[in-house]
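Structures incoming, each one as structure tokens.
Paired with chain B in one complex and with chain C in the other, chain A is shared by the two complexes that follow.
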Partner chain A sequence: MTEIIVVTSGKGGVGKTTTSASLSCGLARKGKKVAVIDFDIGLRNLDLIMGCERRVVYDFVNVIQGDCTLKQALIKDKRLETLHVLAASQTRDKDALTAEGVRRVLDELAAEGFDYIICDSPAGIEKGAHLAMYYADRAVVVVNPEVSSVRDSDRILGLLASKTERAEKGNGGVKEHLLLTRYSPRRVAAGEMLSVADVKEILGLDVIGVIPESTDVLTASNAGTPVILNEGSDVSEAYTDAVERLLGTELPLRFVDEPKKGFFARMFGG
Partner chain B sequence: MGLMALFRRTPPSASVAKERLRIIVAQERSGRGGPDYLPLLRRELLEVIRKYVKVEPDAVKVHVEREEGHDVLELSVSLPGKAGS
Partner chain C sequence: MPKSRHREGASRVDLRDLCCNPNHSCLTPSRSGTLAAPMNTTAAAVRTTALDIRYAQVGLLQLKLRSTDPGAILDELTGKVATVPQFFRQTAICLDLAELEGEPDASEMRGVIEAVRRCGMLVVGFAEGPTSTELARTMGLPVIAGFRPQNAAARAPAPATPAVAAAPVPQPLPALIHTQPVRSGQRLYARDRDLIVTASVGAAAEVMADGCVHIYGALRGRAMAGVRGDTGARVFTREFHAELVAVAGVFKVFEQLPAELAGQPVQALLAGEELRFARLDG
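And now, the complex of A and B:
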């Protein structure tokens, strides 16, 4: 069975692509056959985050329009054998993506035996975002603990519940999960930032992961290495936990509490 | 800002954010969830009813309730009271 997971958020810049890259790497590391697709037509970026930007020959729209085969367009990851990337097209033609075209590509990936298809949604609620979520079985809604991101996420939840194939056909709807990024336990403790519990309560969803705010995310994107592969870092561990939860393992949330300060730190204000 | 700022009690900004979000999210949720055809359905129903009874424009209310496994379309039409009664 192929499972289609959309990574979406409404608001831009909250970490959809970072999350798509890390979740797909994490799933591939567990031996799953994974394809990650960039739906941000005109603003391709997943290739950079995955570090395969110089290997893009054909893209998603080329496959849809029949300029090449799916096999030709899929970029095999150099680190993980079972991971494949399908880049977005840089065309400015908004109608290049069609529902039938997307369906065909997803069906072909399913026939090829892919276990997971991760759809990296563009920001907004336009066509690209709509098509990225339309065929999804599950959704990972990426949210920053910040008012505009939370509100936009709720808007996206409304669309997931009405404008998806599962919603329209009444197949039990899309299973939704929250993933918080840029979380700062210190600021939460100081009452300056919405907590996991706050966001969970407002949106009414289960939390599949909490990714702490960290400089490692920028460092990883600079290098073109999905941050989950930066082993040993908090962000990597947090994404690894999220992958385990996606696969059904129950794990307590980590990196949500402020680390206890030692004696010296307390005395001298660390 | 100065020393006095230390003594001034302002609520933590996160709880302000939470309260604002709770209100706006509830408000926006109540306005959606219904199928797209609801406004048109309401307008056409009103036209049909008006062929027979003279009702106010807001006399027809269309509402969708989501229940376990199915949706319920609720229509309510308030008819004008009999004159003099």
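And now, the complex of A and C:
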């Protein structure tokens, strides 16, 4: 059974594409057959983060319009055998997307035996974001621990609960998960940033993961390597945990507490 | 979106216009609660025809005019509408001309009606009065008398069932119960009844009721009770962080939450013209 997961947020720049890339890799690493689709028509970034921007021949809009087959447009990831990327068009805009077209592509991917289809949503609540979430079975709502991101995510949660096929047909609704990104335990302790508990209270949902703020994310996107593949980094571990929780394993949250300074660090600063 | 409109009398309005969630339970048309149709053979026979004529308890807003100056009307109405915009949008208005000096003519009236329309409201008739009958006829609008059951029976068109003359007291509707969090940007309106939310109301969300608004969670957005003028309505919340609270149109905006109310169980009620807030003890 193919599961369609939308990665959305409302607010821009919170880590949707970073998360889409890392979750897709994490799932593929576990042997799942995964397709990740960029719904940000006109402002495509997923191909850059995945490191396949020079291999885009056909894109999502080409497939919808019948200019090519799905197989021709899907880009196979060089690192993970079961991972495929469907890039967005850079020359068109969101009006090129249609609900029927999106449905056809998702159905075709399901027929090809994909276990997971990750839909990387654009920011906002317009057509691109709406179509990315419309056919979803599950949603990962990416939130920064910061007021405008939380407000926008609240809006998105409202839309997930009402303007999706599952909500409209009344067959279970979209399963919602929160992913907190750019989390800084030090700033939370200093009272400068919303804590995990604060976000849970305002949005009324449990988190599926907390990704710490890290310079590794920028480095990874520049290198075209999804940050989950950066072995040993906190961010990579946090995303790996998130993938496990997505698959049903319960794990305690890591990277949410300020690291305790050792004796020498406290004496000599650092 | 399904378009089944079930209109039982003029007081029932498609709540989809107000509530942004089209699947919301407040749209269920079956809980009517107004004049109950008796289960007799006449009613049964009527049910198979193309239409039904019933007497509805109509809640009609009256605009008592003291001037026919469209500019003044537009100014004042815009101000009033701004307080509860979604309540006033597309609302039916009855014009009361009793306090006007002299008889206005049709063109003056057209100016007034246009001004009212520009504020988003719709004039559907004139209140009964000395100057209204001729004018109403010229403008093609009805004269609307105050609703009294015996008058209704006297004017009842056939078939007049015995139940109409008896005009049973309309049963108060049970409260609308909403169990999901009300998310930012969502609006909820409980018409002719109380609203109960057993979760939180997010920032920039709006919950409204003709009766009381009960929030068994945090109130971070706007809550408006007694939206159609019930000054006895109240707002209750378990955790007060409201942006705006209103009762019968009298509202207060909270730029800063007073320390004694912030995060506490609080009720809001109207005392005269003033909105009062009090901790709910216990």
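Keep this in mind: the second predicted complex is superposed on the first by the 268 of 270 C-alpha atoms of A that agree within 3 Å, B and C clash if a C-alpha of one lies under 4 Å from a C-alpha of the other, contacts with A are read in each partner's own complex, and residues count from 1 in each chain.
By definition in this document, contacts are C-beta pairs under 8 Å (C-beta built on N, C-alpha and C of every residue); 3 or more make two chains touch, one makes a residue touch a chain.
Please read these numbers as outputs of a predicted model, since none were measured by experiment.
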| item | value |
| --- | --- |
| Partner chain in contact with A:G13 - chain B first, chain C second, else both or neither | neither |
| Which superposed partner A:G31 touches (first chain B, second chain C, both, neither) | neither |
| More chain A residues in contact - chain B or chain C | B |
| Partner chain in contact with A:I202 - chain B first, chain C second, else both or neither | both |
| Chain B versus chain C as contact partner of A:E168, first or second or both or neither | second |
| First, second, both or neither for A:E192, with chain B first and chain C second | first |
| First, second, both or neither for A:R151, with chain B first and chain C second | both |
| Where chain A meets both chain C and chain B, residue numbers | 151, 154-155, 158, 161-162, 201-203 |
| Complex contact set, residues of chain C against chain A | 20-23, 180-186, 199-200, 202-205, 218, 220 |
| Residue ranges of chain A in contact with chain B within the complex | 146-147, 150-151, 154-155, 158, 161-162, 188, 190-195, 198, 201-203 |
| Interface residues, chain B side, partner chain A - complex | 12-15, 17-18, 20-22, 24-25, 28-29, 32-33, 35 |
| Chain C-facing residues of chain A, complex | 151-152, 154-155, 157-159, 161-162, 167-168, 170, 201-204 |
